[in-house]
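Note that the chains take the letters A, B, C, D and E in the order they are written out, and that residue 1 is the start of every chain.
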């Protein structure tokens, strides 16, 4: 019972934070809201009893990514001339329209689909860390290797693109 | 290797020699203009000889297709079954006649372009590529290669006209190329549909023809796709109202290209209608031919009428080509032996005589740099031979007995009267109009007082005489003794499906 | 050599045509002697053919000789010759006149440019003309028909430096060509009905009634259209007078004696078919009469010698058609022959005059030439008398015969009309002769330099003059017999299964003819004697409108010109405009531009802004999803 | 089971990538074009290694990565493309950057990414490989750091790429939710096991996946990044984009659609057909109006994608044999298209190195100053337009023929019409080269021998494929077969 | 117990918000944030499915791991590019970076 109440609270929080992220006027606020929303999702993972992933979520998103984003925001403050320019583009109303439409569709899908033809019990089963590690390293080794290559690529790319050259 | 196969190699050679020449010319340095010319002249001679041999060696009472040569190209892969794509060359009565036409015109054109100075190497490369395409189309008995060569024959035109052309060349070239390729688009669709519908896994034309006749290609299918095929080919045959590339294209094209184009390429269209229309979709033909007849008549009268008041000589010939190809289409649309035979005769006749006309126009344009009739007058005084050649071409154009034009038109008229007397009458009337515009041209250009401005025009050069002489020879030959042609053609025509005697 | 080889008559001139046209220029004197040789040979061969023909057992049956030309499926085309009295007569006429003209031209054309070319074409013409008359099938007839047309085109336009000559040539060719449309249609219609081009087979089929009446009528009328065009019958007569732009010998040969009678010949050849088709003969008669009268009137007011002769030619052709309309080919052919002789004589005579007066052919400048050129004058007189139908000259007998036949077939009214035409003929002929040879010279200067032509020119005149004088007598039974014919000429010339026509002198008609001739001659003499134009001008002023109309040839040319400019050319301009601006610019280029324009519009979707691109993606996704749910869900 | 040997070629590629990057780190003075030749060498080694896999019976790494003829086909293709593009880049990059090693390294890695997109038989692997390729491309597009266009293009590309891959992922999640599996086989089995194939989740999932892959191959309306990225990217990268990334996209699509979701083809084939029609029309119409060559080629390649998508639809409509026909048609056209595109860009790079202009007018009078290049470009354009003698004719014809089913007939017709429209703007390029006099100095200039040789080789290849398509077609069929073996696609399409 | 649909709807909402953000925002960094939201939604989806429907294999969870990895890397790379653009153009607004168009 309690979990459900908590769940609803968190769900509301996530939606609120996400909305804040995309609606807030100030760039920095958006960043903060984003952290909130990410953390909220992490909490959801806890509800789903995937502690490991929740941890990962907190660390990588709540930590690395948001820091990175804040950093970028700092680096690209365009109000050198003082005036913070508008954060929203001209096509905002259409954005609302399409976003709303898509939301409707996706909710419809989520609600309108029979997810359990087999009639599996409607409760999350605990996903233990060892299962994850087992699957990740035993069964999905290949993607893991490719992912490492991907990270390498991203690293190299970030370096060569961001590196300051003489004359800049 | 049987004798027939041996001749098959002759057919192959006829198609391959121009290609070889083209590749050879690629290697010749562009500065060696004389060498380029010699090579081309020799090629032309060889091709002409080979085509004459093909025409002569075709046994009238022999089998339907002769001189066959088959090389499997791709087979038993994916949707391609046995003999999926084969380089299948053969000759029947019609294509042997067309081969002769192409050979003669090709040689004539090659000689006629002797005086091209500007990058003549590139010119001849494209020229021979084009002719290889033409020969290939006439000889192909495989749908894939038929289309392959058909496109190949159209491809070089853009550059040939665009680079070496004259009046509004860019416009003419672009329009001509696009319209012709646009036509081949329809054919292409037809090809896909046919292959899919026949579901034989082969592009082999005889098999597909059989399919078309035994109903494997359903009547509805044939009725649907026959128009595509015919309009697609018809564009090349200046089918009204898809003819407008003809006046502009000819006006822009250099001499040899006009010769080959009006002389041979337009025939590809009519030939395609026979191969892909009548032979492939007899049901559709039976259903649609009246329509084609109407368009043909319109074209015939329309072209002649429009030509009456033109001032540019090439425009006159362009429109008269529309008119004459209109006759061809009428002949095909009659669907009876005499008519279709007449159509093929007309294809040959129009080929040689238009080639001659354009040769003559080129001969004077190179010196006078104008084709406006009003600028001329009394040219006979300075270029009598030119006038005689032109007159012969013109009279053949008018359909005067003794020249090829009459033979062909006469057969077409007879064929048309068998089924559509009224249209036949209109066609004959159009022939009278032809007399109108031709004599108008004679009267204005050849006769009357000569303006001193032209006093230094030179008469035909030896090469032009040679090339014109060949054409005149063919014109007169067909005009006087047409039995050899009719024998060959009718031997093939009688076997066409749905053709009444 | 037998009649089967009659094709040689045509083959030889054809060969000489090639010879002359290719090698004529370098030859000494342009090889004119070759011309005489070739036609001479044909002339000689003609007698062989005639003799062989007359000697054939079974007496005067047709001689046939043909070969297979081409065959398409079950359509076999045979080409061959068919020799019968009509052909023989035509042989005679053509070869004789052609020979005379060739000889005459040697003198007349001396020093002209393209001398050899002139003779070459003459050979070409003779060949095709002979081929025309011996052809056994309509296709071959049509072929040679067109070929003679071209020869006439080339010869009319012989002086191509003159615009008028060029125009005349064009006019002649196109006018006849219009008729030929009909001819070809008719031929093909007959072929469609009978499945053959062979004339005899067609005739048999027609007489056997295998062809429906209306169909047959249409077909034969179409063919007759061709004949009218060739023989310059109203309304196609306009080209012949203009054709006088050509060298005079040409006028004599082609536009008087031979080519223009091709129409008459063909009609005679197909007369049985005409006879079968109801009303066809009536049409022929009416056309003939109209032509005879109309041109008679026009000729009254012409002052150009050759023009007068031209109109008289047309008129005489009208007479021949009348004879045919009366269903009597023999008489028509007889008149054709005599007319050929005296009209050729007249033309050559006028040619001699023109030559002598340095290309002056206006009556107003001539006159009193009799003293200067007696031979020409005499022969011309003979010709005129023959034309006017004065007994006993050739014209009289044949014309008389026509009246007889006409009265037998159509009765009085036709005779009256034709009589009027005959009177006018006599009138303008006399007028022509008087104003040219009699009285005092109108133009002293011209008169000074006039001189009699050399023998090379007068020789033919004399020969033809004799023919014009005596050839009429051959109509008599005895004379014919003496010459080896089975009876008189009209008896000799008959179509198969179309009984011979034995000639008897009918004094009633003879008197009538004589009277008509006298009236006409007297009137002309009264009006023009001594070259005084007083009375004539008085007559002209008496009714200027009428005179003007006649002088202007009843405005035919103006009418046609307007029709062509307004009608045909106008239509052509419309079509050309339509082709340029509607079909091409709107249809073809328009579609191209439309495509380009579409591209030009669409490319602005590519705003370069990421949000818009993302929007496109989102909309795409949403659209697909919704569509999917709607279509499949 | 785990058979690491099936990765050997990629070990070589990736290894040499790392090696090249390291090489420059340790000897920065190395000639930059030297690196290009090293890369080419590595590509050759990669190619040769790949050759050993031809005809090997299909082998799978834990059901994640299949090593069969299909994989081999794309492996060889990738190696080939990398080889050509590397050589193409040699001078271009030397003149424009200080450090080129990453460029070449990334190129090799990207190639590996393509191989695994083709080889993946499981969604995670597919996704990761796709991202691997995308990342390399993001970087390569932006490689000219100081160049405004380059960085702008790269930004657009990465933002939109991330956006669409999110869509892609959402779609995959839905499919995973429905089927409970991420392996293609599992998905196919589950889908064919479901009694109702028309859950909203399935449909929407398919559509989202379609959007994701559609973005990758730049199918309208997901194509909009392409023209900008193409125009902004360094020229060799443009070649890389228009060949390798497209081929990779289709590799992924083919494997995924034929092996996994062909079962419910009825849910997506119509959509593919619509996308195809839209894509080809958009691409060709807009291309008419372009002035910049790279951009024009971008649009024309969008048009080509439109044609290729028809075959995917045809797979949906056909039985296994039909699938093989369509796929082999697509594969042979990919060969032809890749060859022509590389040919075009080789010549264009050569011209660009000289003139420094990449707009159409820049080619004015090329036939005078450099006839050879003009000829080569003409060949490639004719090949694009599908004119005979050149690869484009045979391959396009085979592709359309393979894609012709009673249902797709109309799209094929439209495609042929479009290829006619495309001829127009190809002619406009040819016109610039042949009909106009050169601007500026008209002296003849020499082509860099490497590029020249490359061009000659490619021309020969294009001609060979065009005139004797047999071998290429057989190869394509061999590569297509594994996708349609009964085991792979359970029961094939549940075509109603 | 919380039914599966709740998670799905939640993620749908977040995802849609992310989409909105991408479409509406001008600043490249904000766009990136929105994308992060979307990716989160997706991983939420995956894990929910894994936990509810796929307890044995939990492939979804693995997928989530990879998604997080890729997302992180993507952000890093993207930010590098943003900075690069900022250096060149002194703006990080995506709609101002529109030289390439039409």
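Everything below uses one rule, namely that contacts are C-beta pairs under 8 Å (C-beta built on N, C-alpha and C of every residue); 3 or more make two chains touch, one makes a residue touch a chain.
If you're wondering where the values come from, they're calculated on a predicted model, not measured in any experiment.
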Chain nearest the overall Cα centroid: B
Contact pairs, highest-scoring chain pair: A-E
Longest centre-to-centre distance from chain D, chain (CA-based): C
Centre-to-centre distance between chain E and chain B (centres being mean Cα positions), rounded to whole Å: 64
Separation of mean Cα positions, chain C and chain A [Å, integer]: 102
Centre-to-centre distance between chain B and chain A (centres being mean Cα positions), rounded to whole Å: 69
CA centroid of chain B to CA centroid of chain C, Å: 38
Sequence positions of chain D contacting 2 or more other chains: 124, 128, 131, 135, 138-139, 142, 145-146, 151, 154-156, 159, 163, 167, 170, 174, 177, 200, 204, 227-228, 289, 424
Per-residue overlap in chain E, given as positions that touch at least 2 other chains: 8, 15, 18-19, 22-26, 28, 31-32, 53, 57, 59, 62, 66, 70, 73-74, 77, 81-82, 84, 94-95, 97-102
Contacts with two or more other chains, residues of chain C listed in rising order: 592, 603, 606, 608-612, 614-615, 618-619, 621, 625, 629
Inter-chain touch pairs (all): A-C, A-D, A-E, B-C, B-D, C-D, C-E, D-E
Contacting residues of chain E [partner chain D, same complex]: 8, 15, 18, 22, 28, 31-32, 35, 38-39, 41-42, 45-46, 49, 53-54, 57, 59-60, 62-63, 66-67, 70, 73-74, 77-78, 81-82, 84-85, 88-89, 94, 97-102
Chain D to chain A touching residues, read off their complex: 2, 14, 21, 61-62, 64-65, 98-99, 102, 105-106, 109, 112-113, 116, 122, 124-125, 128-129, 131-132, 135-136, 138-139, 142-143, 145-146, 151, 154, 170, 174, 177-178, 194-196, 199-201, 204
Chain E-facing residues of chain D, complex: 123-124, 127-128, 131, 135, 138-139, 142, 145-149, 151-156, 158-159, 162-163, 166-167, 169-170, 172-174, 176-177, 180-182, 227-228, 231-232, 289
Touch list for chain D against partner chain C, complex: 155-156, 159-160, 163-164, 167, 198, 200, 203-204, 206-208, 210-211, 214-215, 221-222, 224-225, 227-228, 266-268, 270-271, 282, 285-290, 421, 424
Touching residues (chain side chain E, partner chain A) in the complex: 1-21, 23-30, 32-34, 36-37, 40, 43-44, 47-48, 50-53, 55, 57-59, 61-62, 64-66, 68-77, 79-84, 86-87, 90-93, 95
